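The data blocks that follow each hold one structure.
Consider the two complexes below, in which chain A is the common component and chain B and chain C are the respective partners.
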Partner chain A sequence: MAFDISTLDLDAIERREAAKHKGSTLKLFAAIGFALLWIVPFYFLAISIFKSSNEYSRNPPLALPEGIAPLWDNVTRAWELGSMGQAMMNSAFYGTVGASLAVFFAAMAAFAITRLDIPFRNGWFMLIFAGTVFPFQMYLIPLFFGYQKLGLLNSHMGMLLFYTAICVPFPTLVLRNFMSGLSREMDEAARMDGANEFTVFFRIILPNTIGPMTAVFLLQFTWIWNDMLFSTVLGNRLETRSIMNALLVFQGSYSSIGPNIVLTAALLASLPSIVLFFLLRRHFMQGLQVQQS
Partner chain B sequence: MDRAAKDKALLDRIGIDQIARNARARRRGQLGLALVFMSPALILVVGVLLVPVLFNIWLSFTKWKKFTGFGEYAGFANYERMPGNPFFNEALINTAIWVGASVVFPIALGLGMAMFFRNLRGAETFKNIIFIPRILAPTAVGVLWFYVYAPDGLLNRGLGLVSGRDVDIGWLYSDATVTPAIIATFVWQTAGLVMVLLLLGLAAIPKDPIEAAHIDGANRWQIFRYITLPLLMPTLLMVTILSVLAGFTVFDLLWVMGANYPGQRSLALAVFMYFEAFQKGSWAFGSAVAVIIGLVVLCVTWVQTVLQGRVDRMTR
Partner chain C sequence: MADVKVRELVKVYGRQLAVRGIDLDIPDGAFVVLVGPSGCGKSTTLRMIAGLENISHGELLINGKRANDLPSRDRGVAMVFQTYALYPHLTVKENLAFSLKLAKVDPADMDRRIDGAIEALELQPYLDRRPFELSGGQRQRVAMGRAIVREPDVFLFDEPLSNLDAKLRNQMRVEIKRLQHRLGVTTIYVTHDQIEAMTLADVIVVMKDGEIAQQGTPLEVFESPANKFVASFIGSPQINFFDGVIKQNGENFAFVTPEITIPLDAASYGGALTDGQRVTGGLRPEDIIPQGHGMKPDGEISIRGEITLTELLGNESLLFARCGSVDFVARMQQPRIVADGENLRFHIAGSRLHLFDADTEVSLRTT
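Here is the complex of A and B:
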């Protein structure tokens, strides 16, 4: 199609383009201002861990540290006084083992619900999913007494048992939705060739579900790592305490020890989730998307 | 022989009853197998989560005695005690404030930022910065902000620098400022998630109606008000419900920043329940408060299901 270029109002187009450009520069500055506001607490955290207690109280809170030497002292004191090594080991154990078991059990249940011919298919699912409906407050008192009676209070096994159970329902929802979208042709073909349901599950369904399983594993691991409440109720001992509980105790009982050291402890406790987020951001965002649906 | 006739011949040969029996037998066989697959999940959820919930409900109708333990039926006595308890009333009011604030501020901010960052070049970095607080544990966030709000903390010293005078407001120690201060921390932590969820919702909105409206001369506000907002409703509904539940059951931030000091402080219902049960030993009363929290959560979830169904029908 041919058209006469002189019919175009080039000045108007240029004006519009310029306005657009100016608008986006303004927007960029607004965005930077907003991000700065959001980042100030992080900056405060990042510089505080490089200050000695004396320097922290002497200098303005946003002033750059005089050197990086006090960092090592802060870390060792936070680590030792807060017993963070033990707590990190505990949380790593609860998080990896608990979330793995929970996701695996959820995958098994989702397989039965989507692939096997059973009555009340939806009823079984609702029974498992009911575990997400109630607020945590309803579990606290009964679990405390039940654990006391069974001798599970303040034991690693008791903590693991609870963390595994609480992490089962949500992955069951996600994996059920995913598996019901998986094509049935492959597993029907395998069944024709004489594969039993266990073979179908382990050889066909599981390998095809690794993506969503990783995503929900990360979500559940982070949940366990970040949990403070259930550790204070069910495992409030030095040997069984979770990392966030240890941080809480450290902040409460050693508040005289200096903000720089408690802040260092807070950063140490958060490092694993920060590192995981940046390494596996794609999986996290995928996890958010499944959380939404 | 055509298909129908073939099927009929098969039916005549083995009989419809036999086919039904076979199908039933197959189902039973698969049910056993399914139970094997479902049993770990079922046992864990029922044993560790659902049975305790029932036990909690039962406990809330009993009386707790110091040496004999529970067991004595008390009817609604624990529930009737609630309205007369000044700490409970205070907790109730604070929880209402929390629910309102955790809906209004994160969603207003999140929606504003989502609209703002949607078409901005290089917005990825900004989005990540706003989102990062969300990946930290509430406990760690609480510790960080505890020192922001401390009498000699970041906020007071910042205000002192601006005003030129010494400022020593005990943000977390006075009843008037403690709830707004912790709500600000909550907004800092959660607005990023709300923004990301709304951005996902915005990305799913088709471009055609917006372009059509643009050509018809609609201005940006009209497009937002009459096209984007209605199409964003399902996402907004989900985010609202998530926010209501988060605000209603908030605990970690409050415990770290405001409750973890001598004496009782009714910052919200979840804190009140924990304090009554685990620090005062009023187990039966505490479990009744937990039941109230559970009832409200169930109601909110039910409302969500109803509204979700209505929205689904509207958009279909």
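Here is the complex of A and C:
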């Protein structure tokens, strides 16, 4: 007899298929356990910012806050004590301008290495990439004395210069790999269409590299935002210091203030890069996958 | 409109010779197909004409003017690439307009040219789409449109159909031919597919190892292959080769193998035949005719073969057969079911035999 497709029990098939994919309960509980362990520090942060200093010292550290009212007070105190407004502006400047310039220079380098007929392509790449091979701390002392001589110490320009330079190698690696995956026939077509090298770079290659450029921009921005070492050494004045450097005050002269204020300051300091990540997350995720039509 | 001349064209990569001194004379409006196996230098030749590769030695003349050192954009050539090479971030319309914008063509003229291409290639429904939203055939058409709007003197095609499925390939092949007829632009087309070459070309240039093995009209190349390579490369299924010797008997010559003897018309060979000469005979599958299928050729030459495999193609069948120690393929018109192991008689169209010197592999025919 012929098979009648309409008699098929689709629900039963779906249940069977689903059953095959279901993991064991044990795995689920293990996963929940690890997840809890993972978020304990965040829990500590989340409750502490809602406690006044008095409340924090009175109750056990992991106890729930009595209300959310002290938050505003914590924020203003942290903001003022750390001069966070100025520091945020500084870091935003270093982060956006420095990372943008670095990514742009890296894109130019990647274009030259992958597309132009230049001698020692790999040599140039190795030279640029060597910047990330050595520990950054190695540069600290030579940079300090060099900056001192050139009068760049404690200047916005000096900080920007350093952050831009240090952020070039990694994007170069990423963008070089991405660009070598872009079809060469595409730029040949553009050349035949009348484009010169600059047109090929600006109008063909760059628009197709927006995804990975955004991704490396975010990573480099976060690196600059989170940097404390170089900011402490090269730009330690109030006018030039970065946001992470500003957090240091809570460790030194004001160390007697409670963890509730310190944690609030830390949270404030990390908010901008989180916000930026959320704004650009679509580009970031796209940038991680080489996609070609 | 332009004629293209190539003199002693050579391409060297390091110490490796990719193209070994090629001469081409392409008259205005001709459709020339460079065909050959991969690595034969056909694409390199095209890319040298396009200006995408430097010319190591020799001369390229477009419209009588030396173009060796002109940048691509000033040569008056437009190219359609194998991967289409569309700009992924631009819409179809922007892709078409790209070259015109760079050339600062005046807007009215730009619109006229773009509209012309859109109409010729039926791109109207896709104008605002990006390349990744198009199918292979649509992308192919956009790539052709991008070449057309430039109103070039010479069209260059680099294996433009090899990324399409078989059905679409046939369809696009016809479209390319039709378009070239209409526009009358000199066209140089590279392919490894001999069917494309046969169907599209006014002149076929068969290349091998960086040299031209033969050039001529499709019919010339098919009917009078200059050497064994061309005979084997052009024609599908491949021509059958038989190793044999020339036997002389008074005024008469014959091609003799253990399985078969084919009398030869000595005049066709201009006295090049000698008794005992080792030669390779070539017979195309359509010249080996199963008895009862198709016209019986003149002369009473036939062999018996045992069928080893049959390929049914619907309107015809390909019979793979064995006679003594040689395997051969024959084409069966108005096919019937043939069983493996069946013993059949095949008529041989002896006048259509191609003879090649066994050592030099050059054709012995003079007419």
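Worth a mention:
Please note the rule applied: the second predicted complex is superposed on the first by the 251 of 293 C-alpha atoms of A that agree within 3 Å, B and C clash if a C-alpha of one lies under 4 Å from a C-alpha of the other, contacts with A are read in each partner's own complex, and residues count from 1 in each chain.
Note that a contact is a pair of C-beta atoms (placed from the backbone, for glycine too) under 8 Å apart; a residue touches a chain by one contact, two chains touch by 3 or more.
These figures come from a predicted structure and were not determined experimentally.
With the C-alpha superposition on chain A as described, chain C and chain B clash in the combined arrangement. Legend: residue contacts after superposition of the two complexes on their common chain; A:I49 is shown touching neither chain B nor chain C. By the touch criterion defined above, A:E185 lies against chain C but remains apart from chain B after alignment on the C-alpha atoms of chain A. Touch counts on chain A: comparing chain C and chain B, the chain ahead is B. In the superposed model, A:M159 lies in contact with neither chain B nor chain C. Shared-chain residue A:M84: touches no atom of chain B or chain C.
In the superposition on chain A, A:G194 makes contact with chain C only, not with chain B. Using the contact criterion defined above for the overlaid structures, shared-chain residue A:I204 touches chain C, although it does not reach chain B. The intersection of chain A residues touching chain B with those touching chain C, taken from the two complexes, comprises 292. On the chain A side of its complex with chain B, the touching residues are 24, 27-28, 30-32, 34-35, 38-42, 44-45, 48, 57, 60-62, 102, 105-106, 108-109, 111-113, 116-119, 124, 127-128, 130-131, 133-146, 161-162, 164-166, 168-169, 172, 197, 201, 222, 225-226, 228-229, 233, 244, 247-248, 251-252, 259, 262-263, 265-267, 269-270, 273-274, 277, 284-285, 288-289, 292.
Of all the residues in chain C, the ones that touch chain A in their complex are 50-52, 71-73, 77-79, 81-89, 98-99, 102-103, 130-132, 146, 150.
By the touch rule above, chain B contacts chain A in their complex via residues 26-27, 30-31, 33-35, 37-38, 40-42, 44-53, 55-56, 59, 113, 116-117, 120-123, 125-126, 129-130, 132-133, 135-140, 143-148, 150, 152-154, 157-158, 161, 188, 193, 196-197, 200, 235, 238, 248-249, 251-252, 255-256, 260, 270, 273-274, 277-278, 283, 286-287, 289-291, 293-294, 297-298, 301.
Interface residues of chain A facing chain C in the complex, by the touch rule stated above, are 183, 185-186, 188-195, 199, 204, 207-208, 292-293.
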